[in-house]
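Reading through the structure tokens given below for one structure.
When the chains are written out, they are named A, B, C and D in that same order, and each has its own residue count from 1.
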Amino acid sequence: MRSWMTSTMRLLVGSALGTIFGSALIAVDTITIVSSLPRTGSANAQTTSMVNGIKMALDEYQRTLTVGGTNYSLTYEDWDDASPERGAWDPAVEAANADKAIRNPDVMVYIGTYNSGAAKIAMPKLNQAGLAMISPANTWPGLTKPNVGEANEPTVYRPSGSINYFRVVPADDIQGAVGAAWAKELGAKRVFVLHDRELYGQGIAKMFQQNAEKLGLTVVGTEGIDGKSGNYKSLINKLRLARPDLVYFGGTTETGAGQLAKDMQSGGLTAKLMGPDAFYNSALINAAGNAALENRVFITFGGIPPEQQTGKGKAFVDAYRTVYKIEPEGYAIYAYECTKVALDAMVRAGKKDRAAILQALRETKNYDGALGKWSFDDNGDTTLALMSGNTVVNGAFSFVKLLGQ
Amino acid sequence: MSDHPTIKIIARFWPHALLAIVLVLPLFGDAIATKLTPIMVFAIVGLGLNVVAGFTGLLNLGAAAFMAIGAYTFAICTVPIYPFQIGFWPGLGVAIMVGAVAGTILALPAMRLRGDYLAIVTLGFGEIITDVLKNLDAITKGTQGLNPVAAPEIPFVTYSISAYKPTYYLYLALLLVAILLCHNMRKSRLGRQWIAVRDDELAARSMGISPARTKLIAFAIGSGLCAFGGAMFASLNGTSIEPSFYDFQQSVVILCIVIVGGMGNVKGVILGALIMVGFNSIILVNLTEWMTRNGWTGNNVLATPSNWKFMIFGLALILMMRLRPQGLIPAQDVEPVTQKPATAGATP
Amino acid sequence: MTVLELDQVTLRFGGLTAVNNVSFRVEKGDIVAVIGPNGAGKTSLFNTITGIYPPTTGRVLINHAVVEQPATLQNKIQWTIIGVVTAIAVTLALNANAIWDAAINAHAITSPFPWGQAFNDACRVLTPSAWTIIPGLVGGFVGASGAWNAWRTARCSPDLVTRVGVARTFQNIRLFRELSARDNVLVGMEPKLHSRAWDGAFRLPPHFREQTEACAKADELLAFVNLGEVADVSAGSLPYGHQRRLEIARALASQPSLLLLDEPAAGMNPTESASLMLLIRKIRELGITVLLIEHDMKVVMGISDRIVVLHYGNKIAEGTPAEIRENPAVIEAYLGKEAG
Amino acid sequence: MTTTELIIQLLITGLANGLIIALIALGYTMVYGIIELINFAHGDVMMLGCFLALTIVGLCGGEQLSPWIALPLLFLTVPFFTAGLNWSVEKLAYKPIREAPKLTALVSAIGVSFVFINIGMFWGGLPMDVFGGGGSAASAKSFPDLFGWSNLLGEQSAVLLTPRDVMVAAVTIPLMIGLTFFINRTRMGTAMRAVAQNPTAAKLMGIDVDRVIGLTFIIGGALAGVASVITALYTGSIHFQMGYRNGMDAFTAAVLGGIGNLPGAVLGALLIGLVRAVMEGYVPNGGQWSNTVVFALLILVLVFRPNGILGSRVREKV
């Protein structure tokens, strides 16, 4: 009687605490995958598409996975690392997400983050806990590569000494180089480099500038602009004074890429506009309209764009269109690939164990996924260096050529 | 508050109950502790703003800037890439001092300004600080943020960084110290000066109080506390985070912490921090997860729970102000600043 | 002995002359009343005496001295220091990136760090150029002139006047509504308190010593004005008559040598004003000189030693109550020409 | 580009941006003058106005719509909507707490601002072509270019003057003159000034204070509505978080000129527009310092003129 009461009490208290604090009751037959992405605020359009990608990957497995002969049900939790009062990722929330993931024994893989700044907070925590983290969107090179970012990167993110962080998206140093080479190919001689003074934008602008100078292009100006500014009409004046034939903007559609394209057009500037993968989403076309973009904007993007996909990539894009009735955003396929490679690693690990799964991820070689055939290198980076050059035609992204071959 | 006995008991004893809960909560697992520590940090920042906005009545819309100053000072003093590396405790000390000096510098030109002019100057100061932190990238590493900064440490005790309980109790102790200091200051001569200046500046001047000096002290102490909180936050996250984190939005959150609980009283700030930060990191998160788990979601923009966060947050603020315009703990319920000391006998 | 002397004081607001060339003296131990029709400039005169509006021309002498922060050498040094510090700060801030790059980022983080070398490198970056000097000079100028401007506006301010022993009450009661009655008195005691901010914050002995003493004194004063019962009630919730008396207690708390009462009997019934007269006499017995503005002629004639009459900002008469009662100019001012 | 041309160009962009800020600032400063509330939601009212404008344009044919139909259509609908919105906000969120401490209303305004931001985001999810089909609700939306790209000074001219620069001036300047006339010459304007001076006295004089406050919010909202149409046409894109920046610039302008003072708000706004134009359009790396310069200027002005450039000194009644 007594023991019955105690256990009931424990169950009640446990479930009460569970509902209050969100720690799910321990269920032996569940593998949980969580994603930590900014779901509130301006990145919402992009992350919604990414979450859709993750869900599609799980649905392909009917939400069950056989690992080492045991059937596990796959649960997915879509965590928000943004807070409404900030309208963007929030360090406190990201830290809490990481801690929550560590403390939930069912969580085997942490998909995220969207912002490299957020990754810097989650990475050391997850590293110590030995939980695998795969990012579909972080591109700051310093997160994985030595001698590219700050002096102490990436060792600061690896307090345990081993690697637990992987990314399926090529880092900015590759993209910067590819962008600069393409700019030269497009006939640009004078380039003006703009950035939005955010971690991502400033980083990639720096990479582009270094490579452009290496290739003999003249950088006629660099400028940090305000991503929240209402319009860039004044800035256009400065650009007109510098007479560039290509403007590179290290920024995102959330930090004014569309507005910049629009103002360049209305300001009578004929220079081309080049941007990184963060331009590659429908939000850019929504924001700037076709007229300001058509054959004026040039975008580098890791991997092959949806409409050029063949095989698994094409299957993903088609399935996405069928299920969600809209085009997938740029990062959706990466989120999808993250999830797929994680599930693959679990199967290869053969047991529900963080260390084993981590080891299996490290050993991922020649994975044949939606993005093509690729491996994780020793830093946890994808070996995928193939990028595509795109522009906009008729209100839709249009593939121009493959880059970085 | 209402005269109903139950409410009276709650009103009287909730701080004690809260303290008891907070003391034992980590025993139920680290998950909750990790969520409460940021709330403690924001409570300290709120206490700092409360000295300026609550006690002295100066509307400060730049509290996050002082947090940033604290976080970055602490980071510069402790990161391994710079030669200072003075460690956690000295770092906190320096952060408080730099914060206090920055507060004084801001207050100097702002001293003569009426309420709302001061508000915009502090708002501008906040924008300037974020801009400067971004632009001085040789020092602050711009948008990269500085890391790793010193982790919290307890003197003479060693523990693994991943153990959360020691940090939890350390931060709780620091919060209690901050609460005690604010309480003491309010009950002392300084507190009387602040409230006198807030209630009627001209009358206070006519009583021999120099409002400029009083406001300067309030700004120095308040900014020092905000910087203290900022340094603690940086230490907790292991990085100074990025400059744009300490923007106007953050200042608004801190201001809401102070106002929602009830301006000018210490208990109110604690309650405000619990509600404002806890609402987001506990209630909204769990609500979203619960809705997701029950399949209440879809691909429509309206059917995604996190898309409603702004709305819920905003409506909560409006309703809270509508139902309790004076804040949750109105100033009238607060006992007098100076109570009769036992030793001072009644005069005939 | 003269406690207060007005020497040809004039106060103008734009085109309006509120006080015009008024001179009179108040001797120690006197009760002096200032009367005059509405808008005669009485309250403006009080505000001039207490330093709220410095006189446009003329002087206010309290205990034979003008209360004003003098532009001493110390002030001038202060402005200079603020200017120089601002200049240095602006220069350093504008070159912070370069300095830091040269001094810190250029050196490997070794232990011990080559501080001397770092300092030299920093100095090398800061070689004079237009970019380092001009913004610094501008900043320095702004800093110094800002400090001067702040001093100029605070040169003559009520808190200084209070600190030399002049306390006042207000025509429209200005208590600290959210403080208790006792706290109001304690605020009035400010000029006599010396404990430091940290004494209170850390509860050091000076805080307790002073707190105990001051509270005892405050309770004594509250009892003096018959408010002993309501010491812990917040001032805003006291009845009107109590508030008037509390204002007096608060003013007395600074132990003034001169007390200015601005219409203390306003809104009082005859019984209340009678007890107010008693109170004012009791205050005089404490050795405090009283200057009051009052419309209630019964009070004025009953307690004043001397009366000053203002009309449209001009002093039209001065003398004992008996003299004023007979003065044709005063009668004319109050009742108009026909009656005179 | 010669120096003269450069200066003219900077003046054109600076003044056009300044005039838009001024329209929003007028709403801020009027509301502040009357009830001493910093109406944080004002910028977001303008943002919702932009979304309505885009919806209307979308319903009427998008890019193909002639500006001569679009302009009257928008100016006749959007200001009514924003005025109504502002008025209801006042009735629902501010009026019930008018007696409470000033900061209570401020938090309420912040709350309203958050709600509007959320509504703006949902609005962007409407399944219309102009909203990109509604698939990505949170992204910025392009506003159709109703005016074309011609340079009014001829294609050869180094100075660029577009029809939209002219439109900004042609709409805002008469509006401001009209507003000044309304405030200074009409009965209702006098009542508004009276309430701003002393609400209690105004009430005793038989002025319906509630009505005057309501009217102030209506006028402020209508101005924000006009501003939203102009902004949408001028910048060519709208976003659900655009209210914050526009609101902050406008608020700064209002304070710089002396809050509560209508010409002051316009002057402050033009000043901010020009400073930004020079910083962003000429000074090397000026873009990243333009906020700092604007606010440093504000602090400097307030050190020497604590009530703003045109603000009159408030003499406290003793």
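Heads up, the rule we're going with is that a contact is a pair of C-beta atoms (placed from the backbone, for glycine too) under 8 Å apart; a residue touches a chain by one contact, two chains touch by 3 or more.
The shown structure was predicted, so the numbers you read here are calculated from the model rather than taken from an experiment.
Hopping across touching chains, the smallest step count from chain B to chain D is 1. Chain B has the Cα centre that lies closest to the mean of all protein Cα atoms in view. Separating the centre of chain A from that of chain D, both taken as means of CA atoms, is a distance of 36 Å. Spacing of chain A relative to chain B, judged by their CA centroids, is 33 angstrom. Distance from the chain C centre to the chain D centre is 42 Å, each centre being the mean of its Cα atoms. Contact of a single residue of chain D with at least two other chains is seen at positions 114, 117, 121, 137, 244, 288, 291, 303, 318. For chain A, the set of residues that touch two or more other chains comprises 44, 48, 84-85, 87, 197, 224.
Within chain B, the positions touching two or more other chains are listed as 80-81, 109, 112, 132, 134-135, 202, 252, 256, 307, 309-310, 313. You'll find the chains touch as A-B, A-D, B-C, B-D, C-D. Chain B meets chain D in the complex at residues 53, 59, 109-110, 112-117, 119-121, 123-125, 127-128, 131-132, 134-135, 202, 248, 252, 255-256, 259-260, 263, 300-302, 307-311, 313-318, 320-322, 325-327.
Across the interface of their complex, chain B is touched by residues 17, 19-23, 39-40, 44, 48, 52, 77-80, 82-88, 90-93, 95-96, 99-100, 103, 117, 120-121, 124-125, 128-129, 142, 149-152, 156, 159, 197-199, 202, 224, 324-325 of chain A. Contact residues of chain A toward chain D in the complex are 41-46, 48-49, 84-85, 87, 197, 221-226, 228-238, 240-241, 253, 258-259, 262-263, 265-268, 281-283, 285-289, 291-292, 326-327, 329.
Every residue of chain B that touches chain A in the complex is listed here, in rising order: 28-32, 34-35, 38, 80-81, 134-135, 141-145, 147-148, 161-162, 164, 233, 236-239, 241-242, 244-245, 249-250, 252-253, 256, 276-277, 280-282, 284-286, 288-290, 292, 299, 304, 306-307, 309-310, 312-313.
Chain C makes touch with chain D in their complex at residues 13, 43, 47, 52, 142, 146, 149, 170-172.
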